[in-house]
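In the two assemblies presented below, subunit A is common to both, partnered first by subunit B and then by subunit C.
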Partner chain A sequence: MNKKLLVSIILLLLTSTFFVVSLFTSSNGVNFGDLQRVIDGDERVLLIFEQIRLPRALVAFFAGASLALSGALMQAVLKNPLASPFTLGISQASAFGASFAIIVLQSYSSVFIFSGSFITTICAFGASLICTFVILYLGKSTQMRAESLILAGVAIGALFSAMTMFLQYFATEVDVSATLFWTFGDLSKADIYTSVIIACVFVPSLLFFYQRFWKFDALLLGNESAINLGVSVVRLRVGAMIVASLLSAITVSFLGIIGFIGLIAPHIIRLILGSGHKMLLPLSAILGGGLLLLADIISRVIIIPLVVPVGILTAFLGAPLFLYLLTRKKN
Partner chain B sequence: MKFIVIIALLVSWLNSSPIKDMMNRDVTIKDNSKILAIGPGALRLLSYMNLQNNIVGIENLELSMDLKSPYRAKLDETHIKTLPIIGEGGAGKLPNLETIISLNPDIIFGSFLSLEQINMIQNKTKIPVVALSYGSSYGGETNKAKLQSIKESLSLIGSIMDKKDRAKELIDYMNDLENELANLTKSDLKFYIGGIGFKGARGINSSESHYPSFELLGLANSIKSPKIGHIEISVEELIHINPDIIFLDLLGKNIINDELKSKNTLYKSLNAFQNNKVFWLYPYNFYNTNIENVYINSFIIASKINPDIDIIHKQKEIYNMFLGSNNSDKLEKTNITTFE
Partner chain C sequence: MLFEVKNLNTSINKKQILSNIDFTLNSGEICIAIGPNGAGKSTLLKSIAKIIPTTGYITLDNSNLHELSIIELSQTVSLMTQFNSNTNLSVQEVLNLGRRPYSGFTLTKDDFDIITNIIDEFHLKEFLKRDIDTLSGGERQKVFLAAALIRNPKVLLLDEPISHLDPKNQQEILEIVKRVTIQRDIITIIVLHDLQNALHYGDKLLLLKNGKLQKHLGIDELKDDHLEELYDIKCKIFKNEGHPFVLLGHHHSSISNQYHNH
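Presenting the complex of A and B:
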């Protein structure tokens, strides 16, 4: 119990630290001197905090947390440690949906009553649901092994990437340059509303599944045992996967493909505290938020004075870890 | 006292009355001394307008000083290397908004950005963003002709930056050149342009429908497409068209030479190659379209039909007008008219 408390406190402290550091990081490095300028009421610096850094830090936390929760849910109900929005192709499917909305439906032109980002999100969610149901079908009907399911995810991800490229091939140049962002994953577009919307999906999802953490634990004992304990396995699996793909679709439609956070965060928690979902679900989310904050800080200072899209960075950090997990599993 | 306040308000309101940019957005401009250029081609148009020294920040890729974009001859290298970098630069990549806010420019000129990106940059930085245009398929309105868009953009910059005279001088000169070109030559041959750069170098099959140099001369482009702009055709189509004269863009030289080696018999079967009617032209696109090269290329093309035209003189005159007489010497004087 003490260890769990300790880990939780350390995680919270680390994430809060990253959050604060993120607020004081510019493309020229970390500079706490900005605090004095905020107190002095420097208009420019205030604008930078209000329009750029605060939205960026908030969205980094909530997007990272959403992706990590999404990954933790997928890993739990698919009983597959390699499952995540990125490895199952769900992120790529969301990106296709978003590209479809922008290029084919021209969602950002003024024809639509709803705002463009709403249409884009709906399409991203729709496409990710298609991918989710294919994964669920493959996992259940064909009794696929864990590794095979990931291979299926690779295939589905490649298919959706190809479909995105197909759309881009016929799009106007400006649409192409606009959709280019998804393949990078970029936090600089984020505003306060983006983080509020992501938070509005993330917080209820976390609370809802946190109250039902024992069902995921029961699932670990096997489907039979879970059913004996009164868990409706099918409903839990479908429900969790739908919420997981919604979490992923929302972040992708606003920020682009940010890989590996959803995979790594639950793994690190599991390594430290084991598989109990009471701690795994909330702590994965906090760690995911912290990791994306950290990645975003690095992305701003790694090539001064340029800002590297954060998706490139998470892939750099995540891919080696994914390979490590794969080989470790074999041994 | 009240009266004075009302007058002052009225004056400031009149001064800051909104203008329409090239994306039909209303933009309110308060001041016009410090400016930024974002996206492919924005800095080119500003430097044609002699505003290159008003910029307070620069995109990283402009620092290459690569003269495949001739306007860079106009940039003062020692000066721009001291400017803060506002982003990598390039279609689709966002600038560093924080740097932009801290530089606090009066106006941002943007080119080849989507409407969504332009609005986002303006909302976040609270700095007016003025969209410029290079026409259809280059970030402008679909099927809007290139040179018309350029002239409108130049005159927009002129009225915002109090440089109407320079805008008029440039536009009048462009119109004069166009009138001269329209009556320069006649030909019924089939013309083809290949190797057009588009987001990087490309090969022979990369072409342009409504290629401005052909249109200015009234020559038949063998690529006919209802859509104005860049187009990629198949080798078979090129063989089928079998153009009489082929012009190739120097930007694609390395790729084109490889293609000619690997598909030698195929290309050498074309009439243009058999009759030695293949010629290089100056890069049409490099960080958007090189407008001075559009006119120079037109005269080069005309000279292949009518050899009396004095290319060297015309080229110097065009560079002088767009880039200034001190800078035109910087541009390499390679003899590009022969093809090996």
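Presenting the complex of A and C:
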């Protein structure tokens, strides 16, 4: 069988399995006995499925897929294997936005009509968009050269970190712990609307860039070859960066910082199937979704009855896996 | 087809790289751009392919190439640049890219026919699934040349296509270029440092120095002092059985005399 088809089928099967297992996982571990209760029409269990587990599984899939697609796009246009949704300082900017909402706007007190988490999300999202546009503005003067964008991202990220620390220095202990807790990527913040919003950004983004996959392939041959193949390199780079930033900003704003998925999913696909973006873009997304589902399952069963924030798990799993891939690639 | 470059000027970061370049070429001709490093040879190719902003006129049968859209231009002018490593693409993917300016996402049956013909013509079948980075220098250049020709260009631009290749592979690549230029009746401009190959495979020469076109002439019109002025070293051109040869530098003159004495 064709290797690409085989890998696609295996990935889809694995991800679907993780999705189903996730539906039957609670802080008490995996319990497939719930299936019988659903069939029997146990309303309490049905409600848990409908209100908690299904949204959580959907959010895990779409958030993982968004982060992975974002990573694949960033790595393609910045031509840097270390690029991820956070290379451009987006996570630091989101963390600053959230800290600003919590510490300055006191979003978790009862001053606001909207719920506190909503204000925090809006501020986190706003800050990451500001970060993206500042980098694009700075990049304009250097013809959007990949190295300049990455360096600008590192500098802006450091600036946002400093601003967050500045706020935290003057904040109360309660607010500081609230900001710290926010930064742990955590799927328990998710509801069905979160999954719908993330999916509404992810699906059109994937379809749009999938149609143009060959332009990313052309970019691999170098800027000049890409232009000569009819690709508007600057437009592609700006477009992909805006969408990649949007994808990660949405995810981070709702769920907090979930590292490594965006970095590692495209790398695994590239290692198995090469760099052709026809397979890389969709399969990275599916793998990203699957990995976050898996991490979320583990986060609920690893210290029963505690639920470890999934952001901690992805870093724990992602870092050694990344190092393994790195050494394997060298060999 | 008549290819004309008129009053071409190119600046990069406000620095003038090419000034007032004028020349004319006919289809079926190979024109070789020679000159010292930094003369503007590669910039000339990139200017023609509109990769860097340029003023002046570049026309093919009186239609201005730079008025074409980026996609139309990519269907007309094919530039093969120096290899960019770490692409991690398969040979098939690189070849398919050549038809994307025509068909985008979905390649048609005609596209696949063109690709298959080139694969046969260049004997690439055994490499199709290989990662392009794992090919030898000669094989890789053949694939990139094939990919450039898959676009059915009217103007083929090759930037140092034989650098880092052994003599056998150099010959193979340039023989292919010569053949397709005549068969397809296209205009080919090649940047070369190897003067021997330039004299052997070229029909016309562009002698570039300091961003200026010093001479545009046929191979037969090339004289020793043209090359001496271009490179600031002693040069000697001589013919053996109708083929021009060139010897460079002081210490070669004695060898040249010996050769003539034989």
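Rule of thumb we're sticking to: the second predicted complex is superposed on the first by the 242 of 331 C-alpha atoms of A that agree within 3 Å, B and C clash if a C-alpha of one lies under 4 Å from a C-alpha of the other, contacts with A are read in each partner's own complex, and residues count from 1 in each chain.
As a working rule, a contact is a pair of C-beta atoms (placed from the backbone, for glycine too) under 8 Å apart; a residue touches a chain by one contact, two chains touch by 3 or more.
These numbers were taken from a predicted model, which means no experiment stands behind them.
Looking at the superposition, the partner that touches the larger set of subunit A residues, subunit B or subunit C, turns out to be B.
By the touch criterion defined above, A:274 lies against subunit C but remains apart from subunit B after alignment on the C-alpha atoms of chain A.
By the document's definition of touching, neither partner reaches A:296: not subunit B, not subunit C.
In the superposition on chain A, contact of A:227 is made with subunit C only, not with subunit B.
Using the contact criterion defined above for the overlaid structures, shared-chain residue A:34 touches neither subunit B nor subunit C, since it reaches no partner. Legend: residue contacts after superposition of the two complexes on their common chain; A:211 is shown touching subunit C, with no touch to subunit B. When the two complexes are overlaid on their common chain A, residue A:172 makes contact with subunit B while staying clear of subunit C. According to the touch criterion, subunit A has no shared surface contacted by subunit B in one complex and subunit C in the other.
Only residues 26-27, 44-45, 47-48, 51-53, 108, 116, 172-178, 180-181, 186, 188-189, 191, 305-307 of subunit A touch subunit B when the two sit together in their complex. Residues of subunit A touching subunit C in their complex: 211-214, 217-218, 220-222, 224-225, 227-232, 270, 274-276.
Residue ranges on subunit C touching subunit A, taken from their complex, read 46, 49-51, 70-71, 73-75, 77-79, 81, 84, 87-90, 93-94, 96-98, 100-101, 104-105, 131. Across the complex, subunit A is touched by residues 60, 84-85, 87-88, 91-94, 96-99, 101-102, 104, 112-117, 120, 123-126, 137-139, 142, 199, 230 of subunit B.
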